[in-house]
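Reviewing the structure listed below.
Chain naming follows the written order as A, B, C and D, and within any one chain the residues start at number 1.
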Amino acid sequence: MVNKIVDSINEAIGPISDGATVMCGGFGSSGIAFNLLDALLEQGARELTIIANNAGVGETGVAKLLREHRVAKVICSYPRSPGSIWFERRYEERAIDLELVPQGTLAERIRAAGAGLGGFYTPTGYGTELAKGKRTEVIDGVGYVFERPLAADVALLKASQGDRWGNLVYHTTARNFNPIMATAATTVIAEVSEIVELGALDPESVVTPGIFLDRVIEVDQVFV
Amino acid sequence: MIRFTPEQIAARCAQDIPDGAYVNLGIGMPTEVANHVPAGREVIYHSENGVLGFGTAPEPGTEDPDLINASKQYITMQPGGAFFHQADSFGMMRGGHIDISVLGAFQIAANGDLANWSTGSEIYPPAVGGAMDLAVGAKQLFVITRHTHKDGTPKLVERCSYPLTGASVVSRIYTDLAVIDITDNGFQVIEMHGENSLDEVQQLTGARLLPPA
Amino acid sequence: MVNKIVDSINEAIGPISDGATVMCGGFGSSGIAFNLLDALLEQGARELTIIANNAGVGETGVAKLLREHRVAKVICSYPRSPGSIWFERRYEERAIDLELVPQGTLAERIRAAGAGLGGFYTPTGYGTELAKGKRTEVIDGVGYVFERPLAADVALLKASQGDRWGNLVYHTTARNFNPIMATAATTVIAEVSEIVELGALDPESVVTPGIFLDRVIEVDQVFV
Amino acid sequence: MIRFTPEQIAARCAQDIPDGAYVNLGIGMPTEVANHVPAGREVIYHSENGVLGFGTAPEPGTEDPDLINASKQYITMQPGGAFFHQADSFGMMRGGHIDISVLGAFQIAANGDLANWSTGSEIYPPAVGGAMDLAVGAKQLFVITRHTHKDGTPKLVERCSYPLTGASVVSRIYTDLAVIDITDNGFQVIEMHGENSLDEVQQLTGARLLPPA
């Protein structure tokens, strides 16, 4: 029987190696798996590469991992936000590498990894600093940048409901990067505010089919 | 010689579908595999036209005319199923999310090349459908097929003469005579049905068979 | 006020030029906009390029267009089906061109057009006849075929419900190619079995946001 | 000279948002445009974080903590809205489905180049977000900005000295002094606010202005 539901947050986060690449869903403070990020901190993995839209604010989520020197590299589109003090400090100290990626390119690279593509041409960033060193090509008069897929060892997702097959639905704009990250990591873990019976989710409305999921845990949602 | 019926081939293949597997069954004989998965195993079936977790055929009169599988047969849904569009469906395949794809074959080469979409006929219009995506994407590609063509010529060959569906894609072959893995050294017999001997099976095969361990 | 609902099927199909490229949703007989295809036949446009998974069966839909000599080219993955007599006849007569595309590549090319990408690398078809003449590349040891986006002048969709903004939901596997074709044509037209009030569709469950739609018409659904 | 307030600039820009337009408003002054669209026009707003058809700010105490716009402000939904994921959201932008994108700017060049994401500082960590996708994707890109930097140096220039967001992407510029189109011949003044003269505005501009027709 397929049962992806686990009972403890430590079981949910499981073994994560030093040097692992971790995708973290979320945009701003919406859709971030704060419980799983706390569990990752407790679990102790170091030298992490974090793939996320932002790089954490205040003393929460990715910011806590940065504070505790667990992060070697950040791949994101918008690391600097009001309150991103730990990112800014580690960046100034040159303690972390930063790969800055336009947000649509970040999303598309993640999708490409999940969909088994070898890369794609995007018009975004053509003629800008962020295309420097990248292969470019003019096709039918439009300039494009060649971008490679972006996969991860682990993805940490936040959803609203999940079932034992791992099917997920999200709440409003907390959806953001979560469904695409679900497709692009070797191990995919979701925290949900409610586990529901198999069959309770409408198959027309499932956003992330369970095929992508490894583990699902019910948590009290955290908002910051 | 012992020759399995198509149903027996499908049943033998079904033994190797583990509990919890995500499986795509190709058109024709592969579809039969679902009817033989041992009781107690929960298998989640994918169809290229955008559905995961479908069930058996509907009772006559209860068909949903929109709800079909890749073979255009009416299906039902299991609790826990999901619908999605064609780009997401093929992303699942190419992205390596399907554990097992079961396909038929015209020819399989000793290096795992598969030919199953075109006989190269000039008269007959070609059709490929999802065959090439299925061949390239699944974690394991099982082929179920008769060991030879109807005229007795081998389907398992040194090199495919028919146009390829995919290069080096097949993991395991279930035929009416044997179960054979593709290895770095070529066709490796895993088991032979009944009392079939390696020599007998070898004579109906177009490339060298390595004996079972 | 945004109102994409039209009252007559002729108004829905609108002006379509000779030589137009027309995307037709559907897989097998599921999710095909038969009412719109009939209206296209009546409208009279010739020399059409049809983009669809299949090439019509019996005397319905695309098969009727082929019978009436309206089609110059078919771009599809699986033109030959039991009953695809008009496709087979026109093909044998060499009256039509055929571009055969693996189904996942067809879907991805349509999505790429809708998403503004200049092309992508797919492993599908590498080393096969269908890659002949195409640019290929081995990236990190995997062989890929370079594929270009596929756009159309018109897309004809079938959905189950729609509203005046053009939001659409589908019914079971009738979804298939419809949502991606919605993104990839200059003019996008949907037939639905029910027009609903704005706000009746759950924003979490809308599959095709109205931004992609031009016209929506309520019809009696046809099944063949 | 007549200098429009940020609110007046936003209001002037809002006049050019037609009924039925799909519009993405950037962070900061562009957000203000929504408050000035003339009554009777139904405008559908897109935010990069996966939402179409959002409405005004919620009443205090009724916020949904998950429901925010790109500026991380709480929003509400209009009837007819929809949610989708980030890849679909940016597909909408890049694919040319957004009619109008309104952005702020550090510099705009006479050829339509836009710089608004980085001042090139070595000290301050960079952040790009969706700026480059918005710049490249919308059918029309409107910029709303003060005509000059705070120190009086021009923002409208012959060539951007700041790192580009996109090349040849801007359609129209709304400043506190004038409305200016990007044309093949460079900056084309469409209208000047109040009694501002071409000479006065030209002196605060780093490239030649073509007089209004």
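Operating definition for what follows: contacts are C-beta pairs under 8 Å (C-beta built on N, C-alpha and C of every residue); 3 or more make two chains touch, one makes a residue touch a chain.
Here the structure is a predicted model, which is why all the values come from computation and not from measurement.
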{"item": "Chain labels contacting subunit A and also subunit B", "value": "C"}
{"item": "Chain pair with the higher count of C-beta pairs in contact (B-C, C-D)", "value": "B-C"}
{"item": "Chain centre separation in whole Å, for subunit D relative to subunit C (CA means)", "value": "35"}
{"item": "Between subunit D and subunit A, distance of the C-alpha-averaged centres to the nearest whole Å", "value": "29"}
{"item": "Distance between the centres, which are taken as Cα means, of subunit D and subunit B, whole angstrom", "value": "54"}
{"item": "For subunit B, residues contacting two or more additional chains", "value": "51, 77, 83-84, 87, 90-91, 93-94, 136-137"}
{"item": "Touching two or more other chains - residues of subunit A", "value": "108, 111, 115-117, 122-123, 170-172, 203-204, 207"}
{"item": "Chain contact graph, described as a line, ring, star, complete graph or other shape", "value": "other"}
{"item": "Pairs of chains in contact (touch as defined earlier), listed by label", "value": "A-B, A-C, A-D, B-C, C-D"}
{"item": "For the subunit A and subunit C complex, residues of the former touching the latter", "value": "108, 112, 115-123, 137, 139, 142, 144, 148, 169-172, 202-205, 207"}
{"item": "Subunit C partner contacts - residues on subunit D that touch it in the complex", "value": "19-20, 22, 42, 44, 46, 51-53, 77, 79-84, 87, 90-98, 136-137"}
{"item": "Touching residues (chain side subunit B, partner subunit C) in the complex", "value": "47-51, 64-68, 72, 77, 83-87, 89-91, 93-94, 118, 123-133, 136-137, 163-167"}
{"item": "Touch list for subunit C against partner subunit D, complex", "value": "1-2, 111, 113-117, 163-165, 167, 183-184, 197-199, 201, 203-204, 206, 209-212"}
{"item": "In the complex, subunit A residues that touch subunit D", "value": "27-31, 53, 77-81, 87-88, 91-92, 98, 100-108, 110-111, 122-130, 143, 170-180, 207, 223"}
